[in-house]
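Got some structures for you, see below.
The two complexes that follow have subunit A in common; it is paired with subunit B in the first and with subunit C in the second.
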Partner chain A sequence: MNGVINKLTKALNSKRGISLVLMGPAQFLIFFIAIIPFALEIYLSFTPWSPTMGDLFSAPFNYGMNYVKLLTQDTRYLLALGRTVLFTVVAVTVQLLLGILLAALVDRDFPGSNIVFVILLIPMMFMPVVVGLVFYMIFQSGGPLNHVLSIILQQNITIDWLTNEFTLFIAAVIADTWHWTPFMFLIALCGMRAISPNIIDAARTLGASEWQIFRKIKLPMIRNVLLIAVTIRALESTKIFDELVMFAGGRLNYLYENVSIWTYIMNAVQNQIGYASAGALIVLVIIAVLTFNVILKVLSR
Partner chain B sequence: MRGRSSLEKTKMGPFGYLLLAIILVLVIFPIYWLIITSLKPKSEWIVTPPLWLPRSPTFLNYLVILTETTAGVEYVLGSYVVFKPAVKAFIDSAIVAGIGTILAIIVGVLAAFAVSRHNIGGNSFLGLVLMLRMAPPMVAIIPLTVFYSLLGFIDTYHGLILAYATFTMPYAVWIIKSFIDEVPRELEDSARLDGLSPLAAHFKVTLPLIKGGVLATALFIWILNWSEYLFALMLTRGKVITLPVQITAYQTYAGMLYGPQAALAILAVIPLVIFGTMIRRYLARGLTFGAIRR
Partner chain C sequence: MNRNEKKQDEICNCGKRVTRREALSTAAKIAATAVIVGVVAGVGGYMGGVASAPQREVTKEVTREVIKTVTESVGTAPAATVTVTKTQTVTTTMPATPTPTIVKVPGATPEERVLNGLKMLIEEGKIKPGTTITILTPPGAAAHFDEKYYREFLDAAQGYVKLNVVTAPPEGIFPKLVSESVEKSGVYDIVTVPVIALISEVVEMGVALELDDYIAKYDPELYTGPCPYPEQVQRSAGFYKGKTYGFNIDYDVWLTHYRADIYEDPEIQKEFLDKYGYPLRPPVTWREFRDQAEFFNRPDEPPHTKLNLSDTPGFYSTWEYKVPYWELYNIGLRWWTTGWPFFDREMNPTIEKPEVIKAMKDMLEAHKFQPKESWTSYWDVAYPMFLEGKIAFYISWTSLMKSSATPASKVRGKVKVAFTPGYPIWGDMDQVGIPRESVRTVGYQAASHVMIVNRYSKNPELAYLFAQFFISPRPSTRIVEDPAGYFEPFRMCHFKSKVFEEEWGPEALRVSEDNYDYYAPDIKIPGCPRYQDILDKEMNAAIQGRKSLETAIHTIAVEWNKITEEIGRDKLIPLWNEVLDTCIGPKLKPYLKV
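So, the complex of A and B:
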């Protein structure tokens, strides 16, 4: 019995044993839940398959027609791509600026700064569905936002925020900004607190103003951590889905159709699995190029 | 050496306080609105102008989602029917998010040791798992739904658990690797001299040193799993029902059940805020895959 255990221990601690024990489970999960379905998706993207056609291999190979159609004719898809990029650019820019502002504000001496810090982080912990729900209520035509606007502007404001594309976009940006500015704030604050107080002190002794200290010392010194935050947020914000579903209020009427919503409709509502796969894989290629060329480098600097 | 007093931070001016106050109001207002909505009886859900404080606050909304007292349901919801009691959603979310997190952490710790200590996989493995996380979940969910239907995994606990473990494991690998990297290899080397095998050295020397970090990573991943919506939406049909799906259900089938919906949202978010606040020192590290380490 002891011999068996000894042998087993020895086998486990051989090079292949270690590799199997440590890496095996991860490889199994990735292979089973990600690689096999991914291969399936590539296959499906070259067919017009939908569940009504019967089993998986009943659809004919269509020589990449899905991709050609998506990229050259499908304006709905291309518009969805454009909306996704627009949303990311606007939302991440707003969040970055607000995050830096907040960090510069909180990186000071004032009573209760610890509690303020904790409160400012809370939105980040909310689940996206609940963020969607809260802002769905706030943006109702009879909701609190219009009420406040009515009081400020001294006239009856009844904007139906969630029923046209432009105001829906604004609403989504505001909801996402509430949700994720804390992340930018957190990263910027981490960066500022890592700056040696001696540097700030030296600048102050030399007569630098607070604005100069912020502009010439703090901002350049947190540039690298902000770069990490911006790349991660930029990729994450392309995925926004839960909030948009909540904004539709249970109807399948998505006025701001980004790529996530487009894929969801194609896949789960219209059951065009092959076509949806192709549309999703185009996005994946874009994200993969970004991940390997930008994010991996930014993260492992 | 200079005194601490000369290194004081900038003082907050009146303008700073004003700005901070405005921002705090904007941050807190949506939370406040959710809370008061959860305390409003049905007659106050939709009134113009909206009520900034409930006229007759009630806990009936909470009672309705937590119990199945039909009388309460009828009182609050009128003719509406609540399809599933929310207690099941809590239990299912706890099972799926809990086990999914534990699985992701176990697999992630092992793989992190492989990458950090043995150079197995290396950058291509790290890139691959990062890709798993960065890829839009939409890409993953289309074929996973098809694949799961073939396997009969749709609407099962193990199906959702495996999906959650796989797609949060990248965080576990990256973050825990960053913790392992901070422990000097020499500690394991000296333990090896005392006769420990490489694997035993990992688990008996390094793992105890990073257990705080592993726990924080687990809570971080649990937060993600507890909040996940798309996978739960696509991979379940009602036998398994998680909280985010349950919250949207009040919106989908039964008209607008603002009160119970807000009440369930509050209850679902409370553990997130508690755990999130507990691990706030690790949030930056978690969300940046261990790249920012303070």
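So, the complex of A and C:
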């Protein structure tokens, strides 16, 4: 008995034993909450599985035909992919520029700067569905935005923002920008405040203007931080869903069907789980490739 | 390191450092082992689950000849019927193994047989104390499952049985059934599925229990006795591949609701006659619908007039849905009234038939005269507008009658119902003023609910008994009379209810009952949600002006054919033919073009 206990004690005290005890539980947890569902999704993406076909493993393996169809024949999916990319590029670019601008303005001491800082962060605290509802009201044809535009332009403006694909796109970009510019602002400001004041002081002493300091010192020095912020926001923007559903009055938004809406329709409406899995995985791969590229770039600097 | 420290290190290895590389390597090995163990355990568990799960039923197709006496409408007069003896070849699905002899449970009525059955199950020890029947239903129907309606049932269960009502929004119930088809948990015993056309998907998913043996044992008198179901409706809701999987528990057949005070006003009648050259009546043909949509569209009508009873300006003719999902019902209704079902008997979509194209064009034309709000909202805005007295007529569910009769309604006592409009059976599609008998009338099924027993229920027979009690004539009448719930008359005796007679008026009840004779179902075949999604998306683009109607219609035809080929045309043809043969109202069937 003592021998067994000694052996166990020795095993646990070995390098491998310590690793096992420390890492094992976490590995098992990750396995059950992440790897199994993900593996299942990969498997389903290679089948035409729908619940009407019976058990999960009863659908025939279709050798990647879902992927072929999605990328070569399914114009609905490709359009959704295109809309997602367009939205992400436009929204994140606007948010980045505004975030940097706000950060540059707030990155100085002035009375009430802390209050301004907190106020600027508030939109980020809202749930996407609430943002969607608020902007749904704002963008009504008889809503406050048209009212303000009417006053400014001195003519009756009755734009139906949410019933036209282009204006709905603009509305979605505005809502997303209001919601997430604070995030960009926060990251940019943190980056700017992390720059050593000595560098700024030295530049000032050498006669650099504020614009030159911003352009030649601050911006290059926060570039890596901004790259991470852009990556995070881009990942999030591809998933925009709540706002679009709310813009359609809480229903499916056929008008601006991005990849999230498409995936929802394929899953929850059309019941084509296997096909939808393939569509979602294509997006995942695209995002993963882009993200790793960015991370590698940042790490290599 | 002194001697003692060395000894200590030999025992515990404390001095050895684990490098990051070594730790990661070990972690990777652990992860790989975990994956292998997990996969083996998962597959083992799954196989175990499959082995212990109820076996899928093996069936075989049997073809036999039967001599059948049928009563049919013949020729041009719908009322004229003759009896014909026909020899038909019937293909039916039969259990591959002989069904054991079923002993019928005694009792004079369906509910009595339920109560006797309950007692027998308890005596046989098949129901244990503390058994719970869990019912999944939309919140709007929860009132129908109040224990007060099930006192007899619970008393007969001698305290062994409790009810547990779980609610989920209507759109959330189908996803829960999808999960159940994978989990096979039996967490719900009874499910009320919104949109009865989904029964085909629900059965194919394997979550609906086949009820025929229980029906034989407890005889719910579906089509017999003093309170039968309209056969075409019950078959539409619960019948699939020759078997019964559920019970219809709602009405949801559309009717035209109109402001009788306006339609019977001599001044308005004269104004209409002068303008259009034929008398005003609730729209019977789609051309009349269009003319009246134009006639009553008065956005500048001041408040508190003969037409506009509300406190705000504006009076509108009607409201057809133009937003995703809800628009499907208006589209479906107009489609059926052309005489073409969604598919012909070979599963070819009929949307490109000239009559259907014309019907869709007519719909878009009528949209021009409808409130601006109808482009972005649905019944959530339309109902209040109608109740405020701002809409002349509105094709809707009979819940509008219920709402109109409430004290808060400004149209209380002013609303009547009529059959929905249709196209003339013969001749020009734009005829007006012709008799109702010359018009193809359709009682279109807009959603409704079907009650199923979960195939994975731990107590399937008990759950079935509950379902039979729910639909039995006496209890079901009391249940649907509850104004707090949204189910409406679904068996013929419900239309004799004094409560409904007071609420709706005898004429509305009669029209609702007669409407079943013109019954037309939804796309009740596997793939229904896929067909609907394409129809919805494309027609919405046409309705909202983002696409030409012709392009949308052609896309629908192409995409529907693709879906049919993917699912299997040969598989779908008999199922669609089953719908056409069993789910159409007797007064509509002779006038279909298939």
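The rule is short, and it goes like this: the second predicted complex is superposed on the first by the 262 of 301 C-alpha atoms of A that agree within 3 Å, B and C clash if a C-alpha of one lies under 4 Å from a C-alpha of the other, contacts with A are read in each partner's own complex, and residues count from 1 in each chain.
To be clear about the criterion, a contact is a pair of C-beta atoms (placed from the backbone, for glycine too) under 8 Å apart; a residue touches a chain by one contact, two chains touch by 3 or more.
Just so we're clear, the structure is a prediction, and the values are computed from it rather than from any experiment.
*Asks:* Have a look at where A:N13 lands relative to subunit B and subunit C in the superposition and call it first, second, both or neither.
*Replies:* In the superposed model, A:N13 contacts both subunit B and subunit C.
*Asks:* Touching A:R108, do we find subunit B (first), subunit C (second), both, or neither?
*Replies:* first
*Asks:* Is A:V4 touching anything from subunit B or subunit C once the two structures are fitted on A? First, second, both or neither.
*Replies:* Neither partner.
*Asks:* Does subunit B (first) or subunit C (second) touch A:I33, or do both, or does neither?
*Replies:* A:I33: touches subunit B, not subunit C.
*Asks:* Which partner does A:L206 reach: the first (subunit B), the second (subunit C), both, or neither?
*Replies:* Neither partner.
*Asks:* Kindly classify A:L255 by the partners it touches after superposition: subunit B alone (first), subunit C alone (second), both, or neither?
*Replies:* After superposition on chain A, A:L255 lies in contact with subunit C alone.
*Asks:* Have a look at where A:I287 lands relative to subunit B and subunit C in the superposition and call it first, second, both or neither.
*Replies:* A:I287 sits against subunit B, while subunit C stays out of touch.
*Asks:* Of subunit B and subunit C, which one touches more of subunit A's residues?
*Replies:* The larger set of subunit A residues in touch belongs to B.
*Asks:* In the overlaid three-chain picture, which partner chain does A:I138 touch, first (subunit B) or second (subunit C), both, or neither?
*Replies:* Touch status of A:I138: first partner only.
*Asks:* Taking the superposition as given, does A:T163 touch the first partner, subunit B, the second, subunit C, both, or neither?
*Replies:* A:T163 contacts subunit C only, not subunit B.
*Asks:* Determine where on subunit A the residues touched by subunit B overlap those touched by subunit C, and list them.
*Replies:* Dual-contact residues (subunit A): 13, 18-19, 23-24, 30, 32, 36, 56, 249, 268.
*Asks:* In the complex of these two chains, what residues of subunit A are touching subunit B?
*Replies:* 9, 12-13, 18-19, 21-26, 29-30, 32-34, 36-38, 40-41, 44, 56, 102, 105-110, 116-131, 133-135, 137-138, 140, 142-144, 147, 150, 178, 183, 186-187, 190-191, 193-194, 197-198, 200-201, 210, 225, 228-229, 232, 235, 238-239, 241-242, 245-246, 249-250, 259-260, 263-264, 267-268, 273, 276-277, 280-281, 283-284, 287-288, 290-292, 295-296, 298-301
*Asks:* Contact residues on subunit C for subunit A in the complex?
*Replies:* Residues 11-14, 16, 18, 22-23, 26-27, 30-31, 34-35, 38, 42, 46, 50, 56, 174-175, 178, 181-182, 201, 204-206, 323-325, 372, 375-378, 526, 529-530, 532-533, 536-537, 540-541, 544, 546, 566.
*Asks:* Which residues of subunit B touch subunit A in their complex?
*Replies:* So the residues of subunit B touching subunit A come out as 2, 6-12, 16-17, 19-20, 23-24, 26-31, 33-34, 37, 46-50, 52, 106-108, 110-111, 113-114, 118, 120-121, 123, 125-132, 134-147, 150, 162-163, 165-167, 169, 173-174, 197-199, 223, 226-227, 229-230, 234, 243-244, 247-248, 251-253, 256, 258, 261-262, 265, 268-269, 272-273, 275-277, 280, 283-284, 287-289, 291-292, 294.
*Asks:* Which residues, counting only subunit A, touch subunit C once they are in their complex?
*Replies:* 10, 13-16, 18-20, 23-24, 27-28, 30-32, 35-36, 48, 51-57, 141, 162-163, 165, 248-249, 251-252, 254-255, 257, 265, 268-272
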